[in-house]
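Two complexes follow with chain A in common, the first pairing it with chain B and the second with chain C.
The block that comes next holds the complex of A and B.
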């Protein structure tokens, strides 16, 4: 970890928060803090998602055979879909609903990945990074086929995927709700229309910014992971602190832009 | 009660459409060779194995399908605003989106294959002629079903997101589910059919993909025919379950305890899938056994 880079990140974060306080000290600043928390949840959650990339597609490495950002986005956005639907039921219910939506998407996907590996290809799950599964205690080394780093999704990777989906879905929903609240409060005066008239516009713009912020944080974390990760037991997981700072800064900057369209 | 019955009917229809979409998406990406296994199609000529496999990794499947579904939905939305019938509008929007997919497929094949010229890999014009249309046909099914799902969710179930945004979200989810479930079957089981069944591909074998069929050289339509039976079906079930269960728990249980009912059912379903996954994992360990003698026994 690079302490100087972390310090620079924290200073940037404070500067952006200060700028937001200057242009919109109440509504905007509250929304920005929510957006930063949501972005950090997405960034942290992406580290849990077991992604094997191209090697996993040939059964050469454990994980899901697709990209980090792609899978995290798929799960998180499925969560955002559910969370946005539950927005009328209050922030807590909506955020939890979004998290469960993302977790459910990942649970189904991870289960089907193991289904294809086991019943379609006759290959058992095996981790390449640990000798024993940290949750079940199952030995892994002898279940790796020759010349590979493992394959499929050991149980710890499955659990990691579900946790990643939950955090991503909750984070994405939180960003959406914060922006929706801000736009609902400011659009009627700005556009000279009633709250009901501006609602579709507020929902659409908040949704687009939420999707965009999700992709920003997922891609940023993919760079931190550098390709593939097996889940929370992978040594690369320990890199999460720097991703947290980077996600906070990126979310703050993007969120500030989303706030400026109503604050200026 | 009527509202719930109507919602369940729509949920069942969206689940069926999602199953077809997932299956078509995986088969399209395998015929076009778009997912992660395409790394081997790109690698093979560099290792001296020239082939006649399509090569169109435009982007990862999730952003590609996010784009095509959002495009189809956006155009359908515009047509509906012009008072065109919803079904016709969706068909027209998806046809136009598929043309964009076809352009991407053609330029991707030409560009990626031309970059392999120094390794002697030819650009086969007959492959473009015969296979691009097959990927476009499968892409149309996947995009149409996804946009239809989004129209049902937006129009009939009342989700607040506009149609193009819903299509972007579900397009990305479709690509994520399809690539996660279907890629290993295409990558390991089809491209490396010459390797041992029941084991991963040794890293040393990378690039040595199967290039010959029962008669003549293997092409990508053969790959689609082979993979749709398990990879395509599994992808369809995966995306179908995601869409169906997400809607089902919301429609039936969102009014119970002010939303907490749907959350509790979601948690329960996650636990059920966790148990099923663990069963599959243990079943494989018991029935297939280890590849090597455990280290403890060695000692």
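The block that comes next holds the complex of A and C.
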């Protein structure tokens, strides 16, 4: 960990919050805080997702056989679409719906991945990082092939994937709702039209910003993980504090730009 | 952590590609402004050409970045480029004629901060990281702006959010039937994001050749331009959209055949084996 850079990050975060308070003290600042919370949820949640990359495709490492950015985007966007459907039913219902959407997407993905591993490739699920599964207590070492880092998707990775999907989906939905609320309140005056007329524009821009913010946070977290992670029991999981700072700075920066559209 | 896995010398230096890409992209985007002067939509196709030149620059930037083993796969670079670029582009459209310049500056700032965050806070420590993320955010912003100019004929916020339709002889303003309101930006986003990351992902390896990768980028760019030209039928006049479509198809056919030639050149041995002949009497 780099303490100087962390301090610079926190200072940057405070500067952006101050700038946002200056241009839009009430509406903008509330939205920005929501966006930062959403971004941090995405960054933190991505650490739970079992990412295997190319080695997993060859059965030489546990996890889902693709990159962090792709998995996070898949789970998070599924959650975001789920949450966007429920946007009119209030913040809590929509965020929970988004979380369930993302979690469901990851649960289905993890289950199908294990079907392919077990019945298609003929390999059992075994973790290479721990001797016993932290949740079920099952012994792992006997099932692990020599020369590999484990393979398949152990139960703890499955649970991690679902938790990651829930956090990512909820975070993405929160960003979308904050921006949608802000744009719905300010676009009619800015564009000189009725609320119903600007609705498609508000939805499209809020959605686009949510997707863009999601991808930025997911890729930054991918850089933090550098490659593969097994889930919450992996030693790499301990790197999450610096991802929190990075996600907060990136979300604050991008969210501030999104707020400037209506504040300037 | 940061080991440069590929050292390939030769070819055009990166700075030259960057300057050429930046200048030609900005010039092409501004050429679409001829639409406003001549009161037509005929010059929208320049937006597509801006996309192609920005993508060529961007794919070479991805090559520079991903030559270091970043361990997250090449597609993630394309995703962060367009994620940060689109944010800058959407704000920049509010500045009217200055939009491309504002997009350039704003995207560079966002990219620079993201580069600092990943290099220092996340401890990536890759020498090319800050410059590459800065460049890629600019490429993302200008590419989406090029698509916007091509599909809707302009790049200002008003032009991207409204369109005038005629209803019973009366002109009415429609918000849903526009580049932003209709959600066409989501398609433009992914058309660009896939086109920017695919070429290096497909060409990387010990046999990497610069001209072959850049030709593939141009091919991907024109392929995206064909799709964008088809979408532009919804927002600009059919004649103008047809001009874009024809230029895109010609460009794609040329670059595809060229890429095919280069692939044959770089293949270890090219043997045009015919299918097994059907012989009689067996």
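The rule is simple: the second predicted complex is superposed on the first by the 264 of 264 C-alpha atoms of A that agree within 3 Å, B and C clash if a C-alpha of one lies under 4 Å from a C-alpha of the other, contacts with A are read in each partner's own complex, and residues count from 1 in each chain.
Convention: a contact is a pair of C-beta atoms (placed from the backbone, for glycine too) under 8 Å apart; a residue touches a chain by one contact, two chains touch by 3 or more.
Just so you know, these numbers come straight off a predicted model, no measurement behind them.
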**OP:** With the two complexes overlaid on their shared chain, look at chain A and say whether chain B and chain C clash or fit.
**Re:** clash
**OP:** Give one of first, second, both or neither to describe whether A:6 is in contact with chain B, with chain C, with both, or with none.
**Re:** second
Original post:
Of chain B and chain C, which one contacts the greater number of residues in chain A?
Top reply: B
Original post:
Should A:53 be classified as contacting the first partner (chain B), the second (chain C), both, or neither?
Top reply: both
**OP:** Look at A:15 in the shared chain and tell me whether it touches chain B only, chain C only, both, or neither; answer first, second, both or neither.
**Re:** neither
**OP:** Scan A:143 for contacts with chain B and chain C and give back first, second, both or neither.
**Re:** first
Original post:
So, does A:67 touch the first partner chain B, the second partner chain C, both, or neither?
Top reply: both
**OP:** Answer with first, second, both or neither: which of chain B and chain C does A:193 touch in the superposed model?
**Re:** second
Original post:
First (chain B), second (chain C), both or neither: which does A:253 touch?
Top reply: second
Original post:
Is there a shared patch on chain A that both chain B and chain C touch, and which residues make it up?
Top reply: 53, 66-67, 70, 73, 200, 204, 207-208, 211
Original post:
Within the complex, which stretch of chain A touches chain C?
Top reply: 1-2, 4-6, 8-9, 12, 53, 66-70, 73, 191, 193, 197-201, 204-205, 207-209, 211-216, 218-220, 222-227, 242-243, 245-246, 249-250, 253-254, 257-258, 260-261, 264
**OP:** State the interface residues of chain B toward chain A in the complex, per the touch definition above.
**Re:** 35-37, 39-40, 60-63, 159-162, 165-166, 168-170, 172-173, 175-177, 179-189, 191-192, 196-206, 230-231, 234-235, 237-238, 241-242, 245-246, 250, 254, 258-260, 262-263, 266-267, 269-270, 273-274, 276-278, 280-281, 283-285, 288, 290-295
Original post:
If you look only at chain C, which of its residues touch chain A in the complex?
Top reply: 1, 70-73, 75-77, 79-80, 82-84, 86-88, 90-91, 94, 106, 110, 113-114, 116-118, 120-124, 161-162, 173, 175-176, 178, 180-183, 185-186, 189
**OP:** Please give the residue numbers of chain A that touch chain B in the complex, ascending.
**Re:** 53-60, 64-67, 70-71, 73-75, 77-78, 80-82, 84-87, 89-90, 93-94, 96-97, 100-101, 103-105, 107-125, 136, 138-139, 141-155, 158-159, 162, 200, 203-204, 207-208, 211
